[in-house]
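Okay, got some structures for you below.
Next, two complexes with chain A in common: one pairs it with chain B, the other with chain C.
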Partner chain A sequence: MNLLFKLHQWFSFLGNYASFGIAYLIETIVVLLFVTISFIILIYVFRKYMARIQLRIGPNRVGKFGLLQLMADALKLLGKESILPKGRDNMAYRIAPIITMMSIMVSFIIIPYGGLYYFGNLTTTNSDITLILMFGILSIMPIGEVLGGISTRSNYAILGALRGIAKDVSFEVPMLISVLAIVMVSSRSFVTGGSTYNSLSLAGIVTNEVIPYGIIEPLGLIVFFISMVARASYSPFDLSESDSELISGATTEYGGMRFGLFYIGLFGMVYLGSFLVSLLYLGGYNGPVSSQLGFIYLLVKTIILVLIAFLIWVSLPRMRIDRFVQFGWKYLLPLAVINLIYAGVFVLYIR
Partner chain B sequence: MVATVKEIKIPKKPIPIIGSLETMYSIGRFMFKKPITTQYPEEKGEIPERFRFRIFLSPESCIGCTLCEQICPNHSIKMEVWEVEKEQGLVVETKRGARENMQNKRHIYPDVNFGTCTVCRNCEEICPTNAIYLTHQFEDARTRNSFTYSPQELTRQEDDVIK
Partner chain C sequence: MPHYTELNIGPVHPSIHGIFNFKLILNEEIIQDVKVTLGFLHRNAEKLSELNLYADNIIFFDRMNYIDAMNMELGYLMSVEKLTGIEPPERAQWIRMIMVELNRLAARLVGMGSLGLDLGMLTPFFHTFKEREKIQRIFTEASGGRQEVNYFSVGGVYQDLTEQMINDIKNFLPQFKKNLEDMYNMFIHSEIFWQRNRGIGIIEPEMALDYGVTGPALRASGIPYDVRKDAPYLFYDRVNFDIPISHEKDNFGRFMVKVEEMRQSIRIIEQCLDKITDGPFFNPQGKKSLMLRIKGNGEAFSRVESDAGEFAVYVNGNNTTKPNRVHARSPGLRNLSLLPVISKGLMIADFIAVVGGLDPVVGEVDR
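Entry: the complex of A and B
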């Protein structure tokens, strides 16, 4: 039983459409709350983790173990004066952080979360093409960064935006080709050997994923994970926000909560990338024991991936821009194509 | 004369991903080490045995020779008149009976400006009667007053000094 239908039954005295609308609204709000709280915990965990690796203690003053540090920071950012740069493109400047934040939020709504004992299936929205929708939303996200860079007329910001574009162009193609390999493998069922019809939805892919696809095509896993690192643009690939050369890259001229939205967007992208990798390559909410625990399985896989991502973030230095583009086109793209050919051969074999 | 050409060995190109993984491993190990930060006002770190900062004065043995004033490289020490015998009733036993401390006839004692003191310990070294000496106390931060310690304050513990 889906959580959505349960809510629909509760509100059934309002009539069919109104109750569905309210059920969607409530579930969306719950998901957004979950995501926001996750971001806060994620930023806290990142700061603590980075501190422990650098043999520091990290935030420990505000609240117990510094748990309320993020609240204090957010309050500080909210209380700041919003300073607008002089020669800006007003509309683009104001809309850029909202685009980044909103695309992250929307993409969390279409993730299939799996089931939990009493609540049933937690997935908010399901459609036959959620995979395409997801990558559509993911390609909206850099627009916010680029708009934020070029709208402020700061040289640093423009350079950061240009680097961001170079990064996105180099890494979208291998990412989508490795996803195409997933769709090919997923279109053929392991159990019956016949073809499946829902291989373009995330939920359908996870349902078909009896063996995790990361075991079947490890090359695709590597390529997709690196692409997700590049999309989130943290340390080895943080070219759009290279704080030692360009002051803060595309977000140089932003302050207060507008900068906070960009910052949350960065962590949200780490989280979302981990969700996508665990859904597409590590079995998603399929687990070894009980199918009732799907959400927990998904969350555990995601958290392990997030910790690996943080370890990459704190340990690896930034790549040079030319090496970076070279890496995208000369190594990742051929690897993705090899993975695609391998996936085709594999699909023919299981038939 | 034929110049011999040395063959230059080109170093092997390292595989990029392997090096990154090694880096991640060696940095990730620090996760399980204890942080070296000490939360200072709550927990105090170890002070070495020979660490010295705060200057103390024992007025019974000070003879007012002004050697410490002369040796001080920063002129942090100035001599100051202090009628310590009348205040504290310092009395020395002699053959003719009890009388005032005759060692320090001019009643001058050092006062120290800790704002300029470099803790070179020359005053402690030059003092002929060990009247001026340094201890391991170091928490003498002040808010409003100057950093100059009068001879009265030099005899007191750090907690008793009015800051």
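Entry: the complex of A and C
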């Protein structure tokens, strides 16, 4: 039983449409609350984890074990004077961090979270095209960064935005091709053990994913994981930030909570990217033993991926932009195409 | 007509080690020209040295290459000792040698860590600085200072190395050897590190000689010139060590030379600890009560191999308690003067890596 329909039934005295609307609203808020809380824990874990690797202690002053450090940081950012650079494009400057933030939040509503005992399926959006919607939103995200970069007319920010665009162009094509291979594989009943749900929705893909697609097409998993690292733009692909070269890249002229929103966007993208990899390639909420705990399966897979991402983050130097563009077009794209051809052969000839 | 952008790197910038200003003339990301502005940290050290007593001037030299303070002191004191004829006793020489090599290790660690930082890898920085902190603890035991140590004095050292300090150093070395390899692997096992460093900032040997480049930058161009070997001072002729060279000529070669020199430094320290003799640790002529009356006549010139290269000091005295003229040859300035030449046609990211590889310390460049 879907959580959405449960809520729908509870509010049925309001009439069909109003109750459905309220149910949808409540579930969205619940999902966003879950995301926010897990996000705070994630940043805390990141800071402790990074500190351990770097022989430091990490946050331990604010609250028990420094758990409230992020709250303190957020309050500090909110309390900062909002400094607006001269000669900015006002509208673009103000809207850029909001675009980044909003696209991340909306993406989290689309994710199929799987079932959890009494609550039933936690998925909020039951659309037939969530896969397309998801990647549409993901391609809106860099617009915030680019707008933020070029609206301030700072040379650092413009160079950062240029790097960001070059980076996005070079990895998005292989990313989408590797997703296409997923759609092809998941539409065949012999892979999925009979069930062929709509393979253009994330929920449908995961329901079909009896064998994790990472096992069927490991090449696609590699390409997609690298693309997600690049999408989140952390080291080694933090080209639009390039903190040792371009001060802070595209976000150089931002301060206070506006900068904080970009930062949330970055961490949120690490989290979202891990969700997507575990959904598309590692079986999502399907576990080794079929049970009501799909959500926990998904969460465990995601957290392991997030920790791997953090390990990559702290241990690798930054790639040079021209090297990355070469990497994208000369290695990732051919790999993605090989993966696509392989998926086609697999679907057509292997029974 | 191409459109050029001007980009200021510095004086305040995350990856500038100190305060320079580089004005990059960019064609998109490609550097067309670099204009270097120096002097933000000019403290008039040479002129100030003329106004102060011989023994007092050590602090100005401490603050030249502040991460390699022992070598700076040594360079000055060797000149003063030549000028005044106050020779340090044998034990003092050994102590100086140990300290100088320890400080070379510390300075190289800073260079290594900040190169990683410039390339966008944060982790090795903390590892190198932890090791450096251990060295600085030894310095604190010996002199009371972590970085600006002020340890050497005219005709000796400020304080004898006790048995415990020698044990500290002996305990430090084996674990440092292991940690050094770990840190080295942290860099070298990353493909991106190779990509970022190979083939950028190429210094041809002839060019290096023309510009007076010394130190690891020269040795990475394939010229085995090291003051410790070519004009031995202290007891460098009594210990075995090799001068590593590289024929890569690029940033990667410089990094490898620096790491190999750290291994050689460990070798030198180990030999010093074996060969150190008992005896006085300062010359009675340079004891504290006589320090204010040290007079020098004539001129003296001495050179040492510091972290960045050949550091030389010229002292001219006219039989008073203050020097008449003090001049320091800054290796960092020579290395930096090559930067506009070698960075043409590089990308911004490479430029930052080249600056990190040359590792100039502004205190010494500007003096």
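Operating definition for what follows: the second predicted complex is superposed on the first by the 341 of 351 C-alpha atoms of A that agree within 3 Å, B and C clash if a C-alpha of one lies under 4 Å from a C-alpha of the other, contacts with A are read in each partner's own complex, and residues count from 1 in each chain.
The rule is short, and it goes like this: a residue touches a chain if its C-beta (ideal position, glycine included) is under 8 Å from a C-beta of that chain, and two chains touch if they have at least 3 such contacts.
What you see is a predicted model, and the numbers here were worked out from it, not measured in a lab.
Look at A:L311: by the touch rule set out above, it reaches chain B but stays clear of chain C.
Judged by the touch definition given at the top, the superposed model places A:A74 against neither chain B nor chain C. In the superposed model, A:I53 makes contact with both chain B and chain C. Contact comparison for chain A: of chain B and chain C, C touches the greater number of residues. Residue contacts after overlaying the shared chain place A:R320 against chain C, while chain B stays out of touching range. Shared-chain residue A:S235: touches chain C; no touch with chain B.
After overlaying the two complexes on the shared chain, residue contacts for A:Y156 are found with chain C alone; chain B is out of touch.
Once both structures are placed on chain A, chain A residues 53-56, 236, 314-316 are touched by chain B and, in the other complex, by chain C. Interface residues of chain A facing chain C in the complex, by the touch rule stated above, are 53-56, 155-156, 159, 162-163, 235-236, 238, 242-247, 314-323. Chain C meets chain A in the complex at residues 5-8, 13-15, 28-29, 116-123, 125-127, 130, 186, 190, 192-193, 195-196, 347-350, 352. On chain A, the positions that touch chain B within their shared complex are 49, 51-57, 60, 236, 311-312, 314-316. Chain B makes touch with chain A in their complex at residues 20, 23-24, 27-28, 30-31, 33-37, 39.
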